[in-house]
Structure formats: structure tokens, C-alpha cells
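Let me begin by presenting the structure, written as C-alpha cells, before commenting on it.
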Amino acid sequence: MTRLQKLILSRLALGVVTLFAVSALMFVGIELLPGDLAQQILGQSATAETLAAFRAELGLDQPPHLRYLDWLSGVVQGDFGQSLASRRDVAELLSTRLANTMFLAAYAAVIAVPIAVVLGLLAALWRNTLFDRSANIGALSAISMPEFFVAYLLILVFSIKLGWFPTLARIDSVDTLGGALHATFLPALTLILVVIAHMMRMTRAAIINVLAAPYIEMARLKGVPRWRVVLRHALPNALAPIINVIALNLAYLIVGVVVVEVVFSYPGLGQLLVDAVASRDFPVVQAVGLFFAGTYILLNVAADILSILSNPRLRHGR
Amino acid sequence: MGNLLTIRDLRLEAGSKTDPTVILEGLDLDLDRGEVLGLVGESGAGKSSAGLAAMGFVRDGVRIAGGRIDFDGTDLARASHATLRRLHGRRIAYVAQSAAASFNPAHRLIDQFAEGPLLHGTADAAAAHDDARALYRQMRLPNPDEIGFRYPHEVSGGQLQRAMTAMAMACRPDLIIFDEPTTALDVTTQIEVLGAMRDITERYGTAAIYITHDLAVVSQMADRITVMRHGREVETAATQRMLESPEQDYTRSLWAVRSIRKPAETGPAEPLLTLDGVGAHYRSFKALDGIDFALARGRTTAVVGESGSGKSTLAKVIAGLMAPSEGRVLWDGAPLAGDHAKRSRAQLREIQMIYQMADTALNPRHTVRETLDRPVAFFTGLRGKARRARVRELMELIELDPDTFLDRRIPELSGGQKQRVGIARALAAKPRFIICDEITSALDQLVAEGILKLLIRLQKELGLTYMFITHDLATVEAIADEVVVMKEGRIVEAGPRGQIFEAPQQAYTRRLLASVPQMDAGWLDRARRDAAEARSAETAA
Amino acid sequence: MTQFTSFAAPSRRGFLAGSAAAGLALGMGLTPARAAEPQKGGTLRVGFTQGSTSDSLDPATYSNDFMFATSYAVFSTLVEIAPDGSAKPDLAESYEATPDAATWTFRLRDDATFSDGKTVAAKDVVASIRHHMGEQSKSGVKPLLEQIADIKADGDNVVVFTLKSGNADFPFIFNDYHLTIRQDRGDGTIDPDSRIGTGGYVIEAFEPGVRIELVRRDDYWKQGAAHFDKVVILKVGDAAARMNALMTGEVDLIDRPDLKTIHMLERNPNVRIHTQDGTLHYTMPMHVNTAPFDDVNVRMALKHAIDREAIVQKVLKGYGTVGNDHPIASSMPFYNADLEQHAYDPEKARHYLGKAGLDSLDVTLHTADAALNGAVDASVLFSEAAKAAGINVGVSREPDDGYWSNVWLQKPFCTSYWGGRPTPDLMFSAGYAAGADWNDTNWQNERFNELLVAARAELDQGRRAEMYGEMQKLCQTDGGALIPAFGQYVSAMNQKVQTPEKVSEMWDLDSQRFIERWWLA
Amino acid sequence: MTLLRTAPPTAIFGLLVLAATLLIGLFAPLVAPYGETEIVGAEYLPWSAEHPLGTDNLGRDMLSRMIFGARNTVGLALLTTGIAFSVGAALGMFAALKGGWVDQLMSRAVDVLMAVPPLILALMLLAIIGPSIPNMVGVIAVIYLAPVFRLSRAAAMNVVALDFIGAARLRGEGTVWLLRREILPNISSTLVAEAGLRFCFVFLFIAALSFLGIGIQPPTADWGSMVKENATLITFGDVTPLIPAGAIALLTVSINFIVDWMLHRASGLKS
């Protein structure tokens, strides 16, 4: 297993390097953005004098590289600094949003992943049947509508017509888990509809791909029933691509949900990041950006490791 | 009328119902309990399809269009999936050509062994495991008690093939289909596997259909032989009769393959290419070690060895695809750069290579014309008419009709035609030296023979120098002037063909020679004895 | 003096009488008459368009409705603007000026207390105002306060402001949401993040850019105000989401409904649309010191080449009124109703072009929706209409971000807007006076500037009306600002939410004082 | 033609829809009853003879907008995917061919690019360079470059291992030849399949950008933005926004039918 451990370590190290690159990239990005926090907040009422004063207070008058290094030295000591705008600790600012984002992602994932995989398996099992085709078309139609539009449709049906679920996912206003699940059902459902298609298609493709292998024919010639061929002989060998696409979609559920957050005015990290970018609040942008990048990287590493574990050849390589 | 299996007038079709491609036509087979039937034929003869059909199984897109497959009272041609599932593995088992590909990489050998018995309810897990150990032992697998707990990739090809035979025996079937089970193996391993297979079928009185293109092999295994061609039966006879007095011409032509001989050129010849203490590494693993020998101008030198002997690495080094870690390669007496990128245009032109797998050696997206046109233009700089003429000339050299073939895409060619195009591509450069890397091992014998004859002719006409990389001693015997025997990256023995074949000095060489299947029924037993002795001799030496 | 104070600090009865009259006369209060007597109690849930995670309680940085409303609910100001547009003491009990209107004395109420029980003292006021003045201040109102020469506390509840020059409208300044009163830390400064205020509500929970929850103070010193027990403001950025929330009853009140679909929203029986004329107006400032805008005829040509009606209809969806190229809204004091209305008239435009010695004109209009949602559409409509007058208005779309820093005041011709100013003086001195920070037309009209100074110190209402009237004319005929339309403030609420007959029209939602002034049925 | 005869009904359907869309887009000015931005009547007119799909929020003819939308939407998507794939595939194949540190460097760079959430990346980049259409095309192309790079690199890896590449190298062929003539033809089917989906994602992405206020700017008609412009209507049960949304869905499904078929043929050729 040492080989595996080595691999994990090297991948994580690589991840850290990538993170630095990302943070630098984002910093440069924010520097390039027209206007700075002072201008954004003062808006039309800005005058040269007030701007200067504001910048001085925020330390924006320092040269960029100094600000970056300053920030970086803070981060390596685990201090993400304060929001320039609200003077709150970034860590504290993130914590609640982070929890919300994770909750919604988990909610959607727990439902979407199993459904997608099962549908994929069935589609592969009953390949080219009516079920396969309709599942495929349904999936495609689902991903071919803009997220916010799916959301509006769901709102129309479930809130306005039926009145079953709220249109504002006010997770802050509920205290029980049940309440939370109810309040955030529609955003979760939207996300589920968005991610399911991709995973399902990949699962199907991966399984069908493996079904061409000689050992599948061997299994059938041993008298193994079809469903068992798919589950026991095909699935284990198709895990790697499936795991990877799942990881990709999990990353999306955490990282890419800004639009859904806006529609349901759900206080997640996405809106925080968009706001922070709009107001040029770079410690916040950096922190959220790094978290997103980190999530993406970790999920990918995790996926690789799982795929390796799922494959005996790689698991204990010679 | 066989008392176990009777196939009558079987017809298999593929493709559209309206104009189907016929795979099998009017096939009749009979098999008694405990009898072994050999199915012989070239690729595309339909022998594999016949073997699978004997199980009532057809591959996707293929269908049984007529005839009966009567297995012990049930007509498999019309049996339901459920019925077939009950028979498969339980009473009819299958041993595939490539055990490496046919074992599920995700599960341990013994679990795959036990799957059948558990599904068919012939044994519980514990019993199945014990039985597995027993069969592994009978198949003479090394440490049979634990080998089952390994994953396929942890076991060598020869051992996997035996493990698969054991798996096929798991439910003690009445019939086993062996589909080219030893084709992928080295000759020395082949002997052991063949032996083990024969013993176990005899032991349990299991009937078998043994499918192969290798007559020598089948003559060791089968009681009767059926020769097939283009999905039809050519002739069937008891093994002895089939070997001694085949009736059909086609059968004779098959037998004849082993008869070509190029008159060996002996006597002195100045070296074209010299290897001087050449060694090569894959990371820490030493693939080549202290290789010294010279390739004589205008001669054919065969480099023989089993897989892992380093012969292909040697080819890479000479071609410049891999830089030697020590020693030098001299071309016309002048040192040759290790990396092809550092070699002169002239050197690149003069040293050409022909590859084992014609379908990966030629770009499947190109036409024959594109494939040849480029090197012609690249090396000779010819343009327009002259270039087109040269391309046609090349086609004639390799005996393919330009008008028919020039505009075909590579996938539309047969294996032999592809290999010829590969040769033409090499010739396009007007080379002096051609490396032939296992160029016939993927081809049927008749086709292979054609290629060999072609190469011999070209050598005469163009005064080429060949280096033949191969594991097939029949090929060596056919065309080599000089022979170099390799093992584990070293040269075991080198010399003129005559000397190596008539008076081999080294024990390994002897064993190698002894392993080449012969067409007399007693060969296998002899070979196994000799091999045993030879191995002990090697260990002694 | 008496006459003056009666204007500056009218008695309560006077104010009520006046407002009723105004209500009838001006025919405002488009909303049907409602239960006169406010009721206490209930929770008001509001969905707001604006509000950002970068919001903070520091009064110097308030930049969106979310914080304006919060500020007025949690803190209070010396002066508030009454629904009729006049200034009315709030934390101040009364104020009076010396005849030259250059020295102002504010007397604080003695019953006003902070939410921690302390009474409001003069030093608190001084510290609070100072927070927005001086070198290191980053406050948006800083320019407004530059007229102040000195502030000092006279005893515990008197504050005296000495101005650089007389200003009759000085009290109006203190309505500004920035200028809320905080506690003096003891060192003459305030703690900008402190939640202790003098308003009717205290903060229960505040998550910037998400929500704020306010509960009523039982010990609120002001009578007949702050009726809701609890107020929750949610930031709901997406228009559709806001309207859905209102229809499903998840909120009681939303601002800025989507004008595209408001007609459908209106069909919903338990939804009421509330509109109020405002002081908010689109402007297209031209730099009068840059060619070709340095020629007054070119300016007049452009002023006649724009189809104001079309903009009101298509961009404001009818929720607005045409502008007349001066910034004074009809709801503001001293509005000049006699001015002849500029209208779309290609012929006239050509005529002016001719006077400028041109037969065609090419100008570029820099715009972005940052300058007010719909500015781009307005610009497109403008350039369509102008073609008929042989004027080619090229529309150049600028990035929203940094628009105010990179385009406004920089480009010679762009789109902009002005939010409410309570008095002509504040409006003019902010954007039209020579040397004003935000004189976005670089307009320097001597007569105008004389009048501005004179009118500021003039105490006779009649004379002021004439002066401001003339100034509006000067703006219209000579000024550099093309002002096509005034926007209405539109909000939507369910039937429970009750509004007074007349609301203050300077900003949206009763000038963002709705939390204190509105109630639930 | 023989191709078409072998095509399954789904693929034929897909091809028909795609062809129709392309034609309509191509000849939009001829087909459309009114101009793209022309205001022809009151807002939200119901479906009628002269306005088959009614009018939109500014009183523009819905049908005409749809037709011009086809042109802009498909045009943009084509352009964007075109750039992303030509550049991404070239780089990917190059990395696979060169291997070693070149490959490492490029792959890591792509990792960084992919680690930043696409929408955020787009928001920032567009805020920096301004939300004009060319800029948007560029930005989305850059964002899609990363996955295309990965895909083509992976695919090319398998090809590079094959002997005919070795043969071409031994011949001393230059990089460009190896990429264009030897590798590209062998991974094209994989790329096409990916392109199918990406192509559709482009206008979804644009729609998302419009939603956040930085997509295609009015009055240009494009399906994604049209969904956005009229999206609020759906909450009142008005089907107007379903028209562009439906168009997108139809096109996506069609294109994927074609892609699936192509993949099937490609895999068929291999076996």
C-alpha cells in the first residue's frame, strides 16, 4: 500500500501548489477588475478625497504584491484575515455560509447519486429498450434547460400552484432538520435535475463499454444471469469512470450553484463570492475561491484514490 | 451420430436479414462422450463460431438461421435463455483463447472458480474452494493452495490458462470447448499447458472440442479432426489418417506450410551493423546485457527468444526508439546515435522497420495511397507523376494490384494485405536494412508463408539485409542465415542456421527446439520428458 | 424670525393641516384612502432588492436601500422630512437660526434615549456628525458638511453649528441616512459598528447581504411611530423570486417589482401595487466645456431630439413622468410649474443644429445599466429618435463595475441618475453649482451661481420661489444636463400592509422610513 | 447518403432539426416576418395570425426573435466550441505527443484553470474586459478549453502509444504532421462527441450569465437570454419563456442523438 500512500501524498502536494497558483490568479484578477472596494461602496457619492481616505483605512494604498504577501503569510498561519467591507473575520463570515452550501450539496447528492447510478445501470441492462431511450431523452431535456428556468418551473408547480414548498429557502428560519429539508427542497430538487443526467449517461456508457470485454462473455458462458453479469462482473470494472463523474458533479454541487442560490435567495457561498467580487472584497474572494478550488482538488484526488482502490491491479501493483 | 452432441446443417448469419453475411453453412458435427474433436482452420474459417454454437451461444449480431444443435436430448438452437443458462458452466464449459482477458480483473481466481458451482448449486462455498485447490493441483499449478487467492494480473499467462481450465472443470461438465487456448503462449509454456489439459480431460472422461489453427498442437489433443474453411466443413477424419493422408488439397496446402526453406547463405560477409557490448534499461530493470554481434550485409539474421527475452528491446535500440544505456551500435563502421532524432536523414532512410501488428502499425484513418505517398515524398522528394509512378511500383513489388488497393482504407484490408503495405512503406524509403519484428506471428500460416516468400524475393532483388525478431522457430528455419538465441536479455547462442538447428550447444536452445510442436502423435509426451530433463540440465549448468 | 421658525419648525397641527391640503391639491397618494388610525403589532417581512455581504453598520458606508431602511429604524436623525416635503424635528426638539441663517442652534429632546437607556446628549451629536467630516473621513456626505465651519456642544442638549455662509435649508441636511446619531465613546468619536441606537427598533439578528431582524423597543421615546412588533428584511435579489415570495405570502412587502410583469402581479387579489412620484431622475450630463457640447444650440438640439414619452413608456413601463431638463421634482418645494415642457421635436432640433452651424451631428453616449436599470434601453431609444433630427447618437456600453469612477464625470456625454434631494438648494449645490464635486456637466452659469447663494440665505419664501424658478429655467435652457424622465417609486405589498394617506416621496418606501411609519391591519 | 440510410430514426430526426435550425438561422432576415429588434405592437400580445407566437416584453414579434435567436445562439455556440476545440485539442495532442515536463506544465496549468469555478471565472474575466459578445465568446472558449484539453490529451495518449506514430517518428516527421495527419484523425470521433454536449452547454452558460446580468446584451436576440428576459412570466403560468427553452431542449436532444449515433459508428469501426 506504500505505493498508494506515496501517490496520495504527491497528489495532495500537487493540490497545494495548484491552490497557490489559484490564489495568485484570483488576486491578479481582482487587481485587474475595474474599480476597488472604496469605489464600489461609495459608488456615485465618491469624491477623490473620500476615496483616498477609504483606501488608506483599508490599506488599499499599499502596493499589490505587498498586500498579497501579507495576506499569504496570514493564510499559512491559518488566518484568513478580515473582510475589508464589514471588518468581520473571514473565517466567521464563511462558517455559516459554508454550512449552508454543504447542507444543500449533501441534500442533493444523497438523492441524486443513487438515482443516477441505478438509472444508468438499468439503462445499460435494458440497453436500446424503450426505458433506455426515454431515460436518455428525459435526462437530456433536463440538462438542456437553464437552471434558473427549471427552478422557476418547480416554483410555479410546487409553491404557487400547490403551495407545498416555500420559494425562499430560508434555512435560517428553521431549527429542525425536517424543517430545513422542507425549506430547501426546491433548490435541492433543481440541482438534482441538473446533475442526474450527466452521471446517468456516464454510468450507462461505462457499463456498456465494459460489457464488450471477453470476461463478460466468459461469465455468460458460465451461466451467470444478465443482472448478475452487470452488477458483479461489469460494475466493479466500470467504477473508475463512474466515480470520476460523480466527483465532478459533487464538485459542481458545492461550487457551481450561484444561480440556484440567487433564485431561492439561499445564503450560500456562491452568492457570498459574487457579492465579494462585486465589492472587490479580496480577502473574502480569496477565501471562498480557495475553498472552492480546494474542494475541487480534494474531490478529484479522492476520486482517483477510490478508482485505484476499486482496481486490484492498481491496488496492489507489482 | 454422436451420443453427446449432434449438430446438423447448422447455419449462422450476421448483418441484415435481407442480404446476410453467412458465418456457418451446413455444418455437421458429431461428438461422443469423452471424445476430443479438433477444429482446424485459418482465422475467419468460422471455427470459433462453431465452438460457441456447440454451446447454443452466438455473439451479438449473429443469429442461428437454421439447423439443430442437439446436446444430450435438448435442441440448443431453440432452447430458452433459462435452459441455456442452466447448461452453461454446468454441463458445457468454455476455455477462451486469452485467459488474461477472460478472467475478470476485479475478482480473485478462486471466487470466479466458485461462482459456477454456487450458481448451479453443485457445491457450497467451502466444497467449491476445496475442489478448486484439488483441480489446481491436478493442473500442476505452483502452490495450488494459495494461488486461487490471487488476482488475475498477479498470475502468469500459462498459469492463468491452466486456472481457466480448472474453472471449466468446476462443475465436471460433459463437454468443454477449448478455443485456441495456447495460441498466446510461448512454446515452452505451451507444452506444460497442453499436457495438463489433456490429462484432466482424460481423467474425468470429459468430451472436448479443441479449436486451433496449429495442426501440430491439435494432432496431440484430438481423436478426430475437422478442417474448416469459409464457414464450411472441408473434411473430417481420425487424427492419424488426417495427418498421413489428407484428402482435400486445401488440407494438404495447410500441411505444406512448414516446408519452405531459403537456401542458407554461409561463408564470410562484411558486417553492416555491429552491436558492441550493448545494454539497455527500463528504469532499474536491465532488458539488454552485453549484446555483441554483427549483422552480415545482404543476409538474414534471426533473433529468437521467448517473451521477455529482450529481442524486441534489441529491435527498439537498433531502430533508435530506445537509447542504449551502455555499449555502441556501429552502422557501416561508424557509431549510430542512440536517439533517432539525432540520426541523419540518410541513416533514418536506410534503416527501416516492419511491425508485428499491422493494424496498429498503419494509421487506420489513411488510405493505402496516403500511407505510401508520404514516405516516398519524404525520403525521395519525388513529386507529381514520378511520385505516383513510384507508389504504383511499390504496390507491384508487394504483389498488390494498385488499381484495386491504392484507394482502400487500411481497415478494409486483410491482415496479410496490411502487412504487405507495411513492407511497401518500409521499401518506399529505399532502405538497406529492415528490422522485421514478429511480422508473421499475427498471421495465418498460409498468409505468413506468402509474406516470407515475398521478403525472400525482395532480398534477392534489392540486396536487403534483414533482422528477424521472432519466437517462432519454424519461421527461423524457413528464412534465417544466421540465428541468435536470446534469453533474459542475454545472447545464449549464436551461429549459422545449420549449426543452431543441427548441433545446438546450449541446453536452453535444445529445449526451445524440442518445444516446437511436431506433427506426430507421440511428440507431446516426448517433449514433456525432454523439457523436464533440459530444465534440470539448465539448472545444473 | 417668527415667520421663519414657523417654516423651519412648524407646529404639529400646522403640519397636519398642511399635509391634508397638499394631499388633496396635488392629488398624490395614488393609493386608496386607508384606515386612518395606525394599529400596533404584527411582524412585517420585507423582500429587498439591494443589500450586500459587504454592508456594515458604519454610517459612513451606507450604500443601499437595505442599510437606509435599517439605519432609519435602528437609529434616528436630528431632522426628518415630513410627507409634505418639509423638514420636521426628530431627535431635535426644535432648531433656530440667526437671521443670516449662518448659525444654527439645535435643541435636543430630553426624553430621547438610546436603546441602552442613556439619554441622547449634545456630545453624542457632535461626535456623530464629526464622524463624517475632516481629513480621514470616508463618508458619502462629507461634501455636504463642508459648509460647516464649527460644531460645538452648548451644555448637555444644545448643539450649535456655525456655517461658512448662510443656508436657510440647512436643517434638511440632517435627514440624511448617514447622519444618524450614535453614542460618543467618550473621546469625541463614535464606535461605527455599535448597534446601540435611538430608533424604534433594536437589531436581533443581522447577516449582511442576507437578512436583518428588528424588534420594537418598548421604551421608544417617539409617540405614534414604530407600529410593528417585529420587522424582518430579507435580501431577495431576483425580481421573480421577490414577486413569488409576495404571492406565496412569504413576505408582506417587496420593493422594485419587475415592471415587465407587474401587470400580472396586479391581478393577484391579495397584492397591492404602491406607487409614489419621486425625486429620482435619469440624467444625460454633457460637459459644457467640451466640444460639441460647449455650444448651447447643440445642447438644445439634443434636448429636443429625445422622445421622453417613449422612454417613460418603454423603459419605465409608464411608471414615471417626463423630465424637463432640470432636476426639481414636482413634489419638491419651489417646483416651477410654469416652464414650457421640452418635447420630442426633430424639426426644432434641426433648427438648433442649424443655429450651431451644423447640418448633422455625431456624438457618443456612454452608458451602462449601473447608471440606473434601463439606462441602456433609454440610450438606444434616444439614438433611434435622434436619427430623425440628423443627429447620430452612438451608444457605447460601458462595464457596470467602476462606472461611477471611470465614466461618470470623466466622459463628456454619459447616462447617470440623481436620487432624491429634499430641497432645490441641496439638489443644485450638489450637482449644478460651480465647483461642486459632482457637477457632472462642468456647467458654470454666473447668474445661476449668484442666485444659488442668494436664495440659500434668503428667508422670504416668495422671493425664494422666484429665484429657484429662474434657476430651473436656466438649467432647462442653458444647462448641460439632459433630463428625460423622473421615475416613480413602485413597491408591492399584500393587503395587510397599511400606508399613510401621504408618504414622503424623496426615496422609495416613504423615503425608507416605512418601518417607523407604516403598520399592519 | 449510404450513411443516412444506415442512420437510426433518432439520428435522422436529430439531423433534420439541426439542418432546419441552421437554415433558419442562415436565412433569418428572409424567413422572419419582422425585424430582430423591431417593435411591432403592444407588449405581450397573445398568439395571433400576424404574431404566431405573440409579442414579448417590449412588443417585439416573438417568432421573429426566435428566428434571429437561432442565428445568434447557434452562431455563438459554433464559434465558441470551434475555438475551444481547435485550441484545446491542439494543445492536448501536443502535450500527449511531447510528454515529459511539457505535458506536466500544460496539465498543471489546466488544473489551475479548472479549479476555479467556471461561472466565477467568467464573472471576473467579463468584468475585467467588459461583456461584449466577442469577449464573451473568448471567455467561454477559454473556460471550455480546459476539459477539451484533458479529453484530447487522454485520447491522444492512447494513439501516441501505437506503432504508426513510432513509424512516423522514425521517418523524422515534424510535430505538425504528427498532430494533424497521424493523431487528429484518430481522436476526432471522441472530440465530436464531446463537442456535441459542449455546444449545447454554451447557450446554457450564456443564459446563466445573462441571469447574473452579464450575458448577451439586449436587444440582441438569443435563446438563452430570451428565456431569461421572459423567465419571470412563467411564475404567472405564462408559457412564453417555454418557447425558447423548448427550442434549446429540442436542439440539445437532437444534437445528442446525432452524437450518440456517430459514437456508435466510431466504435463499430474499431471492432
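Order of writing sets the labels: A, B, C and D. Residues in every chain begin at 1.
One rule holds in what follows: a residue touches a chain if its C-beta (ideal position, glycine included) is under 8 Å from a C-beta of that chain, and two chains touch if they have at least 3 such contacts.
Please read these numbers as outputs of a predicted model, since none were measured by experiment.
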item	value
Of B-D and A-C, pair with higher C-beta contact tally	A-C
Approximate Å spacing (C-alpha centroids) for the pair subunit B, subunit C	90
Centre-of-Cα separation between subunit C and subunit A, whole angstrom	42
Length of the line joining the C-alpha centres of subunit B and subunit D, rounded to whole Å	47
Distance from subunit D to subunit A - Cα centre to Cα centre, in angstrom	22
Junction residues of subunit C, two or more chains touched	240, 244, 247, 399, 401
Sequence positions of subunit B contacting 2 or more other chains	none
Multi-partner residues of subunit D (at least 2 other chains)	127, 231-232, 235
All chain pairs that touch each other	A-B, A-C, A-D, B-D, C-D
For the subunit A and subunit C complex, residues of the former touching the latter	33-35, 37-47, 49-51, 53-54, 56-57, 83-87, 93, 96, 148, 152, 155, 159-160, 163, 166-168, 170, 172, 262-265, 267, 271-272, 275-276, 278-279, 281, 284
Contact set on subunit C toward subunit A in their complex	47, 52-56, 61, 63, 135-143, 193, 207-211, 234-238, 240-241, 244-245, 247-248, 250-251, 399, 401-402, 404-406, 408, 416-417, 437-438
Of subunit A, residues touching subunit B in the complex	213-215, 217-225, 232-233, 236-237, 310-313, 318
For the subunit D and subunit C complex, residues of the former touching the latter	39, 43, 57-58, 127, 130-132, 213, 217-219, 231-233, 235-236, 238
Touch list for subunit B against partner subunit D, complex	319-321, 340-341, 345, 348, 352-353, 355, 357, 360-366, 374-375, 378-379, 411, 425, 429
